[in-house]
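Both of the next two complexes hold chain A, though its partner changes from chain B to chain C.
What follows is the complex of A and B.
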């Protein structure tokens, strides 16, 4: 067998460095070839510029790496391991950069994302947060951890002593098929909530999680071993982060978020399910609370914020889901075997959830200011939509009014739930019972609401 | 969630690497970086409670080493490492009065952290089936 001598090792390190250099170069080249078209939002352009700079810094680091690794034979192996770490991090950037590049302004529900950005900026503590949207292959918005691109980019910056990304830059994903949609994209505030949680609220929420677990320890009379307690804590934190994001979304845009989640999860199947059957909606899984528990919290928050009397007027099955979730007779379970009693562990979740229901509205109650306007203006908006008129401005009691984005978002959703048949009946030759026709006009409705949102922003003179 | 778990392993690898980089600076130049002491104390806190009852309130003393994935990875490495000797060496990195003593302890600590980083990267590339899959339904 041939023995590796020192010179061979130097050559190997050069090869390893060059291979990673080439990979990084191929990734950042995507950020370099950006011209006038396609047009990207400002936040995306800023992200591309920063990833490009990070790539250049990584390349400079790799240029000097063989000499650095050769300095001391005793630390050379450890330094080379860093290349594997860097490669794994750049793989994540590679995975998420392309979806951001796919999300040019022609492939984004720009009016909605702009309105959501405005709503977040209206909150004192969050006004400097900006979001970049990317397109994902998964249909489920909830499967893509937000912030992962920024976190990995910052890890790279630390490892090569490069420049970290600005701290308040969030990245959220939407399914590529929904790029021009409206209804399912009402889930976006939840995704933004993940970034807001990690960036701003985690330090206030985690002590509440620990407090609930400390009470559990007292109740069972002993501390758990480290694997069990870290598993329980991570699980509870995942659930709490999810419900935080749900409640954040409702505080931000109102009941439209709940309806979007009900649509995504097919939760209307809860209506009319056999009593003997315990469906998936009753199970807490690794990264999400049971849907029944989520909708129960939605119901409580909507009631607390003052939205419920408005919601309760709807006869839609979507609202029945919220009504059903509020019933105390339901059974809830955890998908996994835990080292503690299931019911006792769920008590920890409900304790922190109750705390969130009090805490969050004091911080982020954007949508509540719009409830009265919604009650006054929504019947007129429905009249416009029934006649296929975009409700950018409406005439109400002889006054010209520009409905606010929150009013439009919720009116759009309620119209979708309760009045689609009225719209289709007004169109000559169209059958309101046809699934095909309903689908076509739902798509139209989405475009009208997005147009109204865009107009509303202009007419209200928002920046 | 598979994606989330993989992300945690990769974040763990990066956290370990930050410490290793500080140890390399200590071994080569006998310079202490700001994060070295805090980071090593957090690892020592983790090592001291391996396989023991762990009150929730002690988890915050572990800094970024308080995740389930980190505990699993640490325990895997400790199966083939003399824990008592390792704790002694990490303490020596912090407390040794001689340059040679600090350097030798740092080099041994680097080997341990390399093993930890490699294992975290392995799990990132091949997510393990955790005990969480024991379904009760």
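What follows is the complex of A and C.
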């Protein structure tokens, strides 16, 4: 019997190709039954279909690879390195595909993500951007930097001369424990903002950062050396991207975003904070501006857009956080030692931030109609929620009205901040002071708001 | 007890929510068609919602209606508008109406299978009564009693609501109550343990049989 020589190059390449083929096949098999149960949002289905196609193309490539590699023994080794790259890229796809597969419509705030996708598509320059949501383990909302999944998929396509993924496909993560929630998921537009920034706005914002740094050098009277200017630029760029995303989120959904951030960061601790003991909220760190500075920008934008008079009516501590952050006497610091004066460097940040406050609302227009509608309709929406009724249709001054998604999102959040006790007092045997009861009815409230968002879309789309 | 006419229902649907006799049905799609003269005068059609609870095979040869186990008896599925759910022959599934309902304090009601649906041998309700003051999407105990698997499309009409006026009602404002307050999806049944329910009517715990299965009473590990 003839024995196969395992050292035979052709056989080794065949073995390597087959192993990778099997790995790719096992990954794309997960994308095969996506039209059955569970159900996925349109953007996820589209992503799975494209990954599947890429997998089929990779398999076809691997089928022909041993023959191709054997053509010339001198280049065989370098060709085989392609297989290692291909494997590494598929390993990344493997890592990110599962969290997307976990995010079916039962494990997503689907009505909210649909509303956000609709809002982004309504912006002229962003019409073709789609978002796929996946579940993450960290309790921090995360945008996979520039879409690693998409990048790796495109690297694979380049290696095998396959089909690249559409360029404007963003991927955002939400913590798995918050999958069905509403309030914290109002942070999603910020994460979408990262993708929108990288894809669309970065080229318009970076020159403003350059300008601010040039002014800084003029002010200090000398040019910074390469290492120092790189450090300053990196810090400024990451802070500006963060604040861009915050402002983008407010333009998209209004004050509900600020409240969600206050909840996530426990920023209500700022209320009653002793002056002698500055908390982390006052410090700019590597990736983020200080929360105090972020909330100050929120306050300014809310004021500028016309939201502030309605926000100001709330007696919630969340609104106090915004008021306190707007105080001109607050202290702000940078966590790192810098080559320039801290105060002067922060001035650079505030210059670009001020520019963003004027620039962004011209690009992501907020309809003042929404704010007026909120003002008119929110008291009535609270009447519905106090009575445990989904407010997808309301009767206001004898007229039947379908509140818009933005009105519902914000009314839901204000109700959560100001009126939970009113709801609980309406329920027999429930104590508004009980934490357990409040938590239980917050969950109910989230369901009612998500249902109202779903209904509102149906009613508005009705022929 | 008279069945309430649609014109009265429309009047109540247009009342401010703070009024005790106001009625809410939302989303009321094709609102104008519903109240056209040609439509039925005594009922409002409702649609099938998008979430379902499919019964699971219990971990024992029976279903034990107790506090812990009753919630583990179903699998939740979402069938968005445009997709369908297959209900196999002689099988059951819990669904809900797409419409959220708030009943006035002086009306009670009933949900009935739409006649065209009934003719396919789908039954949508075994607990059809709706109490005054109820709010929520109505849970539907859907049963396919035919010999053929049937497809259900969320968003299509499945039932009809009929309302009746109470012969007497007090003017007092009632607080909200109920085991299933304002649900928007079908919810699994909630029970107390049988011992607890029966003790309340004087049956001593020692006389109450509780099935002894491994999954019900896990063996205590030695210390």
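By definition in this document, the second predicted complex is superposed on the first by the 362 of 463 C-alpha atoms of A that agree within 3 Å, B and C clash if a C-alpha of one lies under 4 Å from a C-alpha of the other, contacts with A are read in each partner's own complex, and residues count from 1 in each chain.
What we mean here is this: a contact is a pair of C-beta atoms (placed from the backbone, for glycine too) under 8 Å apart; a residue touches a chain by one contact, two chains touch by 3 or more.
In this text, all values refer to a predicted model and were calculated from it rather than measured experimentally.
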Contacts of A:217 with chain B and chain C, given as first, second, both or neither: first
Partner chain in contact with A:229 - chain B first, chain C second, else both or neither: first
Chain B versus chain C as contact partner of A:363, first or second or both or neither: neither
If touched residues of chain A are counted for chain B and for chain C, the larger one: B
A:72 touches, of chain B and chain C: first, second, both or neither? first
Touching partner for A:52 - first (chain B), second (chain C), both, neither: neither
Partner chain(s) touched by A:287 [first = chain B, second = chain C, both, neither]: first
First, second, both or neither for A:155, with chain B first and chain C second: first
Contacts of A:458 with chain B and chain C, given as first, second, both or neither: second
On chain A, positions contacted by chain B and by chain C: none
Touch list for chain B against partner chain A, complex: 1, 3-4, 7, 10-11, 13-14, 17-18, 20-21, 24, 27-28, 46, 49-57, 59-60, 66-68, 70-72, 75, 107, 110-111, 113-114, 117-118, 121, 124-125, 131-137
Footprint of chain A on chain C - complex, ascending: 13-18, 22, 24, 26-31, 76-81, 83, 100, 102, 135, 137, 175-177, 181-182, 184-185
In the complex, chain A residues that touch chain C: 37-39, 104-106, 110, 380, 383-384, 387-390, 392-395, 398, 400, 426-429, 444, 447-448, 450-451, 455-456, 458-459, 462
Interfacial residue positions of chain A with respect to chain B in the complex: 71-72, 74-75, 77-79, 81-82, 84-85, 88-89, 92, 143-145, 148, 151-152, 155, 158-159, 210, 213-214, 217, 222-227, 229-231, 233-235, 238, 283, 286-287, 333-337
